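Common to both upcoming complexes is chain A, partnered first by chain B, then by chain C.
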Partner chain A sequence: MAILTEARPQVARRAKGVRNRDGWWAAFFLGPQLTLLAVFLVFPLGFAVVLAFMRWDGLGQKEWVGLDNFAAQLSDPEFGLAVWNTVKLALLTAPFGLALALLIAVALNSVKGGGFYRVLYFMPVVTSSVAVALMWQIILAGDEHGVLNASLERWFGITGPDWLGDPGWVIVAIAVVTIWSSLGLNVVIFLAGLQTIPPQIVEAARMDGAGSLRIFRSVTLPLLSPTIFFSTVVAVISSFQAFDQIYVLVNPKYNDGARTIVYQVYELGFQDFQFGMSSAAALILLVLTLLVTLVQFAAQKRLVHYDT
Partner chain B sequence: MRSRQVALHAVLTIGGLAMLFPFVWMLLTSFKSVRQMLNNPLDWLPDPWRWENYPDALAAMPFGTAYWNSFYIAAINVTLTLLTSAMAAYAFARIRFRGSEVLFVVFLATQMVPAQVTIVPLYLMLAQFGWIDSHLSLIVPSIANPFAVFLLRQFIRAVPVELEEAARIDGAGRWRCFWNVVLPNIRPGLGALGIIAFLASWNSFLFPLIFLNSPELATVPLLLSQFSGGRTAVDYGLILAGSAIAVVPMLIAFLIGQRKIINSMAASGLGGR
Partner chain C sequence: MKRALAILGVLALATTACSGSGGGNVPGTSGGQGQVTVRWSTWGSAEDLKLYEKFTDDFHKRHPGIRLKLESVADYEDYHPKLLAQLTSKTAPDVFFVGDDYIGKFVSAGVITPLDDQLSGPESKSKPEDFFEGIYGGAKRDGKIYGVPNDTNPEVLWFDKQALKDAGITEDPAALHEAKQWTMAKYLEMNAKLKTAGKAGSIFWNWYGSTYSMINGFGGKVWDGGKFVATTDAKSREALQTLAKGYQDKTFLSADTLPDSNGPSTQFLKHKVGFYAGGRWVIDSLKKGGELDNYDIVPFPSQTGEPMPGAVAASYLSINKDTKLPKEAFTFLTEFVGKDGQLLRLKGGGAVPSVKGAEQVVLEDKYPAHAQTFLDVRDTGFANYAEEVSVPGLTAAINEHLMKVWTGKVGFDEGMTELQKLVESKLG
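Up next is the complex of A and B:
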């Protein structure tokens, strides 16, 4: 008893000393990332919000214009077109890309020695998006020199559209290239999800007389739904932010059909030097992204099963 | 059962060929003459083989410099990202300090902001620093990486605390615990993250496009994009030879390390997107 009462204050003192020293250690370990994050992410974000309410070309006076930039963007038909194209790209890319990835992942999961295919599908993921765009630019060329259209003509007698030149088709072409280049990543993510499904459950369903399709619909799909949900959110966000391939495949400067919000941000900021307008467009993109993500999370409550 | 396997292989093969086709086609076409390309786009094999396309592409564009630029930027970037985010991850995982949880949530939240939102202010800031048209603009800002901190924190939490306690009893300080005990135990995490960060830096396009002007500073993707810039009198053979020069070494590196690369990108979920 005596020993305990004597020991206690000492322990308390030591713990306090350790905690104080720990504070310094925490600052030391966090310092570099925290500083970089503050300087290159948090501060620019705040700056972007302020800029969005200003008219500024980078050289002259900054002028506070309130909501004018937002009003100007929202009433500009060019921006409306950019929003519509952005949404269209997401609506084409996410469902078709993910369905295709799911089909291939399921096939890969039930076949022996699929490692070779996995490598094939993954190749575009590690390839620079600029190189991908250059390759496809020549495949999709609209005149008789494009490989795709030449093949359609010779084998099916179909005259293909000018994929990259026709404003009505260009988003479809961009969606095809996007799906092609992100397919491998979605496949391996689905594959990882599929491999966590306990084989006993599938076996039990089979014993109960369920066919392959029934097993897919009633076992695989529900158990995979968290992965599918996650991939959908990522696919939508990344198609909202797509820039590289669009810029190289079809410079939207020459084809309005490829104009997206991100391109609008780029053009307003770095071609026209309207920094305020550009920031306003960027913030509208951010709000749109958050809205879509919120809707997806709301839908998730009904569609995603987290209990095994 | 056998016919089902055949059907599955058929599906996978058709898909696989669709993935492979553009690469093979790029390689073959990179040896063609413009005339063959334009007159017979469906010819598979070059006739005659124009090997000159490669020396011509190398002469037209400073590929050697671009390779070196891309490589050393990515290498410095990866090293500093790994070091600083492992340190931050260690603080979040192992050091108790006031506000730890709130700060961690703030860290995660910043990850939600797309790069496009901050790009104009970032450009203005870097111009103030005098970093425009300098590689610093590509190296330093992208070291800030909340995702890396999050990922490494998960790995550090899986390292048994007892290991570190034993080291502390033996008299090791915080830094030694971090450097000699924790880091060696999260090597798989560091490897995965290193691959993801390297690819992200190597393939990055928007930042070099905006931040660099001088041709001799260009990275590989930026240099490549200049092939498509003209849109008049395009020499397809040359463009595709250039693409092949840019792509093939990376594909070979991928084939060598494919298992590790695919697994790390799958594990991180987000990959290089």
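Up next is the complex of A and C:
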């Protein structure tokens, strides 16, 4: 007992020393990351929030204008159009893109030697978005030289629309490109999710007489619901932030149908030099994204199953 | 001890990684052997930038103490946002190109050095009076010069003799112009005949050069006393309505909306259109067709047949107010825009010199037959209006809105009302 009592302060001192050393090492390794995070994320975000309440052209004096920038954006028909186009893009890409990825993932999960196909599906993800946009520009060209329209004409006798020029069709064209380029990533995520489903549950369902469709509906889908939920949140946020491919594929300056919120932010800031207005538009996008994500989180309580 | 050495090692690596290439991010840097590096920036494709190589080599030979470092951006639309970011963060080049639609903003912001004293001084190879007054545009404010036009591209009407002949047009536009009979009525009549013959009358790029030249041709005004009057002035409105009607019945084609595979140059080379509004750069496109003699140029017409001022695309060379090498920066600027500099770098290019005395660049090839027209339009023409260029994005917003009118997405009267509101809102 006495030995134990005497030993305790030494152990405590050693433990304290270890904790101190751990603290220094933690600071050493985390410091650069935290500094970068502060410099490149926290500070710009804070600056953008302050800027949203100011009028500033990037060079001259900043002027406090209160909520004027928000009011101007919310009453601007172009911003309304940008929000509507952004929502349309999310509604087209998230459900269709994820459904397609899920189907492919389920198929690949049951195929032997699926690695080759995984590489094929994943290739668009690692291809530069600008290269992707340029390739699709050739496919979707609206004249007789467009690969898609030429094929439609030759095989079905259908005259295709001007996919990238017609404001009514352009968002569909952008959605197709977005679905294509994000398909591989979603497939990989779903495949990972599918592989976490315990095979004995599937086997038990099969022994109870469930067919493939019933297993998919009653076992696979519920058990995959956390993965589907994660992918849905990510897909919606990505659609809300779509910019680079759209900018290369169609210049929204000449096609209102392709004007999205991020393009509006870019145009206001870097074409018109209205950085306050641009920050206000970016903040509205942030709030909109948060709201949609909150709705998704609210819905997950009823639709997502975390038990296996 | 080991830990201390490891930390020192990491710090040494970090220091090396952060040190970069010797302060290349700040304006004006010193190199080895007593040399200084003048950074300058412009936009342009690799082909465009090749034209500067001869000038740079020549400059390096004459000024061994100065090295020129070109920092280019391929796309015009991306160039000014980058320059703005560099100016805000005090990392902009010592000398930079500025487009005619942005110069006014940079002048207002006070980030450019006024050049009057240096341009008039003994070291100058490009005196203020060596450049045509009209093309200073927004680079001149309150009598002070903030940017020197480095070269120009006057907007003219290229015409296809074959297409006109096919449409039964026997008169030669250039001959009519020489006889002072090149009127707007005659031009529109030719466009109508071309349309009847199954061709398009004219192709325009949707920019201020062609739109404002048409307004001038109708005798209208765009800006008056600091106010945008293009939508209210009767003659300007008539010009815009003529354009809108022409675009909608396909007498006029918008080059911006034509597919890449069948763009304006292709249509012009295939004799599908009579007139193509453009600058000297069109020569490059025509060379691909191989029928050079089939094409000639004429200025935009006027109501009376008397020559009228046409639009001249210009860009300017300016010096960063924060440069640490003001003397060397000016040496580069004055030689770049001076007569010898323009003769050297514009030879074989598609631009027209902005400086007096370098006309042989345009005339020596004797192409097109009326190449003198480029110089005439330059000498009497105008760069974009100072009122317009002082608001970044205003010209682009006007063009964008007019495109909606040209394509019939917005009715003409409604479009004009909206355009007026748009301009007023941008002017604040």
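By definition in this document, the second predicted complex is superposed on the first by the 281 of 308 C-alpha atoms of A that agree within 3 Å, B and C clash if a C-alpha of one lies under 4 Å from a C-alpha of the other, contacts with A are read in each partner's own complex, and residues count from 1 in each chain.
In this text, a contact is a pair of C-beta atoms (placed from the backbone, for glycine too) under 8 Å apart; a residue touches a chain by one contact, two chains touch by 3 or more.
Everything quoted here is computed from the prediction, not taken from an experiment.
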Which partner does A:A192 reach: the first (chain B), the second (chain C), both, or neither? first
Once the shared chain is lined up, is A:G58 touching chain B (first), chain C (second), both, or neither of them? both
Just checking: does A:F270 make contact with chain B only, chain C only, both, or neither of them? Give me first, second, both or neither. both
According to the stated criteria, A:H145 is in contact with first (chain B), second (chain C), both, or neither; which is it? both
Touch check for A:F297: first (chain B), second (chain C), both, or neither? neither
State whether A:A26 touches chain B only (first), chain C only (second), both chains, or neither. first
Is A:G165 contacted by the first partner chain B, the second partner chain C, both or neither? second
Given the superposition on chain A, which partner contacts more residues in chain A: chain B or chain C? B
Residue overlap on chain A between the chain B contact set and the chain C contact set? 28, 58, 145, 254, 269-270
Residue set of chain C touching chain A in the complex reads 7, 77, 80-81, 84-85, 87-88, 105-106, 108-111, 256-257, 259-262, 392-393, 396-397, 400, 403, 409, 426
Quick one: which bits of chain A touch chain C in the complex? Just the residue numbers, please. 28, 57-60, 141-143, 145, 165, 253-254, 256, 267, 269-274
Show me the residue ranges of chain A that touch chain B in the complex, using the header's touch definition. 19, 22-23, 25-26, 28-30, 32-34, 36-37, 39-45, 47-48, 51, 58, 100, 103-104, 107-108, 110-112, 114-115, 117-139, 144-147, 150-151, 154, 180, 182-185, 188-189, 191-192, 212, 230, 234, 237-238, 240-241, 243-244, 247-248, 251, 254, 262, 265-266, 269-270, 275, 278-279, 282-283, 285-286, 289-290
Touching residues (chain side chain B, partner chain A) in the complex: 4-5, 8-9, 11-13, 15-16, 18-20, 22-23, 25-26, 29, 37-38, 41-42, 83-85, 87-88, 90-92, 95-98, 100, 103, 107, 110, 112-125, 140-141, 143-146, 149, 174, 178, 199, 202-203, 205-206, 209-210, 220-222, 224-225, 227-228, 231, 236, 239-240, 242-243, 246-247, 250-251, 254-255, 258-259, 261-262, 265-267, 269-273
